[in-house]
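First chain written, first letter: the chains are A, B, C and D, and each begins at residue 1.
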Amino acid sequence: MTAASLPSSKPGGLKRLVERHPFLPALVIAIVLLALNGLYQPRSVSFAGITGLTKTYLALMMLAIAQTYVVYAGDIDLSAGAIVSLVNVVIVVTMEKLGGSGFSVVAALGIGLFVGLACGIINGIVVAALRLQAIVATFATSIFFTGLALYVMPVAGTPAPAAFWRTYGGRFFEIPFVYFAVALLAIVLYVLARTRLATQLLAVGDDAQAAYQSGLPVTKTRVQGYALCGLFAALAAFCITGDTASGDPLVGGKMTLFSVAAVVLGGSALSGGFGTVVGSIIGALIIGLINSLVFFVGTPSEWQNLVQGLAILVALMAGILVGRRARA
Amino acid sequence: MSKLIMRGVSKAYGATLALRRGDLTVEAGEVHVLIGSNGSGKSTLCKVLAGSVRPDGGEILIDNKPVTITGPHSARASGIGIFYQELSLAGHRTVAENICLPDMPGGIFVDRAALESRAQRYIALFDTVSGEGFSAEAVVENLRADQRQLVEIMKALATEAPITIFDEPTSALDRAQVDRFFDILRDLKAAGRSIIFISHRMDEIFAIGDRVTVIRDGETVGTKNIADTNPGEVIRLMVGGQDELAPGASAPPAEAADRKAPVLTVSRFFGKGFANVGFEVAKGEILGFGGLHGQGQSAVLRAIFGATPSNGGTLTLAGSTFTPSDPRAAIRRGLAYVSGDRSRDGVIQGRPILENVTPIHYLRQKLFLARPSALAERVKPALEALHTKFAGLGYSINSLSGGNQQKIVIARWLIDRPDVLLLDDPTKGIDLSAKADLFALIRQLAAEGMGIVLYSSEDAELLNNADRILVFNGGAVRRELTGAERTRYNLYQAAYEAA
Amino acid sequence: MTAATQTPAAAPSPVLTFLKQPLVVALTLIAALLLLGEALSPGFASGQQILRLLIVAALLGIVAAGQNLVILGGREGIDLSVGGVVSLSAIIGGNLMNGADSGILPAILGCIAAGAVIGLFNGLGVTLLRIPPLVMTLGMLGVLQGLLVVIRNGIPSGRAAPGLSQFVTQPFLFGLPGIIWLWVAIGLLMAFMLGRTVFGHRIYAIGSNEQAAFMAGVPVKRTRIALFMLSGAFAAVAGMCLIGYSGSSFANVGEQYMLPSIIAVVFGGTPLSGGKGGYTGTMAGAVLLVVLQSILTTVHIDESGRQMVFGATLLILMLFYGRGRAMRA
Amino acid sequence: ADYKIGLSNGWVGSEWRTQMIEEAQAAAAAWKDKGVNVEVVVQSANVDVPGQIAHVRNFISEGVNAIIINPNSPTAFDPVFAQAKEAGILVISTDAEVSSPDATYVGIDQKAWGAAGAKWLAETLGGKGNVVAINGVAGHPANEMRVAGYKEVFGQYPDIKIVNEVNANWDQAQGQQAMQNLLATYPDINGVWVQDGMAAGAWKSIIDAKKESSIAATGEIRKDFIDIWTKDKLNSGASVNPPGVMASALNVAVLMLQGKELKEPATAGQYKNAMYLPIPFIDSKNLADAAKAVDGKPGYYSYTSQLSIEDAEKLFK
């Protein structure tokens, strides 16, 4: 006979669903927002409107993905936006130096990925190996990376070669390039979700000490999380560069906190161990949809910031509360 | 040739010498028991072997070859697996993932099929006893404490390590689960594996052990063949020159506590994990809660105290009816609740002993200022009553061993006497002498007129101390044992009766 | 018999223990930086200049007091909205005073009330709705920034009363400006509160083990809400002082205090995990940060160089403080 | 409405920007007298470059006839302005020049603005002395153009030495702190070149250090500052970047929407798409006039000027 004669709470359908797909509440919010956008400004949900939205927020989506991988492990990266700026100026300067040819673009992107990776590894070393507190340490590295970006390009403005941004803004077979980027991204994320690293990051985020005692290489895993974050921050920089066609040493600075907000909106736990990248992408979209909706409903300009701030706060709270209720 | 030899292992945490000289020799094909009072260094010795604690000195030989263990990973490579006393699970991961966490099958990608089938092997071992809701896909966070402990056991088994350590693996398990586990240990033993097993339960030690090594104050004091020794001798080794106190040595309780007016009455009480519970506690009475663990005893106590929600019931304390709301209100009313899970419910880590012993006093006396000298006067008697050993009230509670920490936590309830003391398995993980101190005090408090409810997962404690025992099963009281009925036989029978 | 096994191992030398205290570390680093500053640009460590640095440090330090409390209270306590509160308070204070000494008292009360109300919202979100503090206060920051825009559109940015400007920038007692005395008073108050009041002990209790505190009758929610309210109030006081410092209020004056206030707390020896630390160290941490920043302004290098040196120095300094526990004990 | 015009402001960090929007809204309303209905839709928020690109895309979705933008970047809008143009939208930038060939700049020449202040300072110092500069946000285009402006001017004076340049992010308190540090390290400063909003802060430190009689510094154009300037007889001079630039741009935009053509095409500036507005300058000579102009206004009000509809009409064929 066993002690298990007490009925243990049996997870209901909704609970199971949200447990498996923590981004569902966010998805509902996003769909509602999209519908509202369409209601107030039909053109905003036209093909061109959606394409514009995607172009604008693809960078934030990338950065939210970047942030998710460190949040998985219970870490945070406040330098993500600074990495975006640094990679942006590095690739623009490289393309310019190499003459703006197709080769220069490829070379610059390679170097950009390398820079993002290097920044990520530096963060990883500082936080995981040197064991500094992530919030303050990555704030410090963000200042350092910003300094580097200013060194590479003291003044915003160097243009990116047309070949680069015309590709990003252009179409292939009548389909805007960004949708190819999104499709490729989906594949990459699908693949990444199946890696050992993803599971290990989540296990570390659940309880780092327990993971270590179980024999997981905790430090290495966290460094890898930051490295992945750096890589995706570089991809975010590519998108920004595609959309802005130029270098700007400060371009990513403000994106950092939004990337954190997007991760939370997407249903991931900042304490680690729980979440999805898909959710973070939806979270980034929610931020974009809120910003445009506030305009489309005709909010007076001086109230726009406040209404956006309130709406994001409410969405953050709603996401957390709904997610928790569904899981409880 | 011995499978494992540990010699002269030492470890200090700042000023605390956790381990002075740990020696341990384990053969292939034996279950080797480690025993010692709380804080004697058992876990430390095991963690050194498992790589999660860096020793200050000592040597380790496996198969007669010296090995250097640089971390959990290298310990695994040297053939060591471990069940951690405090568990090492990832709450949001599934049972299967947790079982395979130490080395996930696959390369860059996880081999899901291999993972499932490996996990299933170990899950199957406990099929009959793992309880409802337990499956490979279950998220560990949603499991009960005993089920989590089973996962940790499976995880340790899945290492298939030649030397496997089990550091108090049975503390949350029920008898059936323990039996199943022991069967598995016997199989492993037969397969030539070496098992290191830690428990505070003497019966388990004699049921499964081949040899026993006793650790006292961080020092190995001897190893005996189980067959050649007896509990008395083991206890003598554990306590060394100090007083010898065995569980049964305490005076039996008064046959019938004078049935004065009840100080606490509970009727038709419902809540999560229990239903329609009713009982009375008289002034000066020690009412025992018995039965298998997790049958609602703890839930009832926590609900009375307001720590978990309840839905409906009539509760009367010292004549006035109340509805539990939160611990704060309960404390004001004169209730006290001691949890066995001191690290979760009790100890305020990293803070001075004074701050750990005063919070109830602050609340009951409505204090705003904390004047150390005045507080010290109030606090000292309570600490002395429990024979608490400490260097000074200003020292961090972390400077104490687990048992002494628990005494501090208990003492906080005694500065201002409560009317009713709710004890929720208060001796879990506490060594024998600390238990003896505690029960002597409890009986004294009862004699002074306090009403006491005692839930204990150890039958001996209940039988020796409770005036009356309510046996729980399936979230309800199934039987009341009074007077001469309080026998081990009756207790087991009531506990195992189908609900 | 008892289970006590702890025996003093070779006691670490008292000198070493002393040197490892965060306060001592911070003070030593401050002295070293002042010497460095003096070497780089003579006059940097003059009495007058140190006094001016202390005024700036006091502004940061007062914000950090609230930040410190929220962090001590644990459960990943952090207040990212302090910058917004500082800005808002500067505007509210400026308008309530509008250049007249008679407006100082209403301004102080108004600002503190506003800060406390914002803190109340943060606290309610964190406790009742159980939103993680980082998220709650980040969201609040966005709201406050929006609120600033609305307010600044509707009402003029006011001016500091001369009495307040005097208090903040001119000698007040023994040659020290009033704001420094205010800061010292806040320091003493904090030390008393944290060490000698039941409320202080409760802060540590919830910061160290919330569940245990709850079981021991600590009003966990109320205490935590109070911490956020205090944080808002301290930020508001800093906002008032800031308008006294600069004379008039404008824009996002407070933004620059958000992350530095956290760094000051960390440099003061309070880890972000809570339940441990105190305010004295934080005061030294604030001075340290301000000295470092002003050395960098006076050194003649490019902005890029300044930022790189600043970032790197912060990292190096962090190595002196509460590095996380090693996984292997 | 005859025309719908989108106004985008990507930074709300100063009252200057608020006034800029208000003046533009007033200018739109003024067209009613001419029988033209101009509707403005405004997006004014603290946003980053991507956020401001979103503003533009929202305007495109909204179907505006023209977009007037105070841009957060000189170059980042090239692609999105190209899209706007494709959609038949007129794009005008103001306050900061943009590189897009699809946009026209209507505003002051920031480099000349920086140079004007520097010229005043150099002449006031008699062509020699130690000068420090307190700049805005490093890397921000307007800031960098202004820096280039003063560098060029000071370069022409061999005896003027720039002993240090620091950034205080267009923030008054940071300007004050920076000045404090600079005063402590360089006791022999003669001149300070400081940008608008931070000037009041810098002057506060100068006055606190009782050096107002020995230091000349550029000033700003807010009423508050003009008052101190008048009262304390500061040795100051300020080039004016009037918040009316956006109103001016709006008037130009409406005329363009009406299909009128510029007499002289906008081809000035580094991007060859600029139409520069005059830069007023205030110093002790005309301080009283400026004080009169802002008399009765709130303290944050900036001395301003704009192209009236009539002025603007004169620029068109």
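Heads up, the rule we're going with is that contacts are C-beta pairs under 8 Å (C-beta built on N, C-alpha and C of every residue); 3 or more make two chains touch, one makes a residue touch a chain.
Only a predicted model underlies this, so the values are computations on that prediction, with no experimental measurement involved.
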Chain C and chain D share contacts with A
Computed over C-alpha atoms, the centroid farthest from that of chain A is that of chain B
Chain-centre distance (mean CA atoms) for chain B and chain C, in whole Å, is 42
Chain-centre distance (mean CA atoms) for chain A and chain B, in whole Å, is 44
The distance between the C-alpha centres of chain A and chain C, rounded to whole Å, is 30
The distance between the C-alpha centres of chain B and chain D, rounded to whole Å, is 71
Listed in rising order, chain A residues that touch 2 or more other chains are 150, 154, 209, 212, 302, 304-305, 308
Two or more other chains are touched by the chain D residues 12, 18, 44-46, 138-139
For chain B, residue numbers touching 2 or more other chains are 52, 71
Which chains touch? The pairs are A-B, A-C, A-D, B-C, C-D
Note: in the complex, chain C contacts chain B through residues 1-9, 11-12, 195-202, 204-205, 208-209, 211-219, 275-276, 327-329
Interface with chain C, chain B side, in the complex: residues 12-18, 37-41, 47, 51-54, 71, 217-218, 239, 242-243, 245, 305, 307, 326-328, 330-332, 337, 339, 344-351, 355, 358-360, 362-363, 367-371, 387-390, 399-404, 412, 430-431, 433-434, 437
Residue set of chain C touching chain A in the complex reads 76, 78, 125, 129-132, 134-136, 138-150, 153-154, 259, 262-263, 266, 271-272, 302-312, 314-315, 318-319, 322-328
In the complex, the residues of chain A that touch chain C are 76, 78, 126, 130-133, 135-137, 139-151, 154, 208-209, 212, 218-219, 257, 260-261, 264, 270-271, 302-310, 312-313, 316-317, 320-321, 324
Contacts from chain A onto chain D in the complex sit at residues 41, 43-44, 46, 49, 52-53, 55-57, 59-60, 150, 153-159, 165, 168-169, 240, 242-255, 288, 291-292, 295-296, 298, 300-302, 304-305, 308
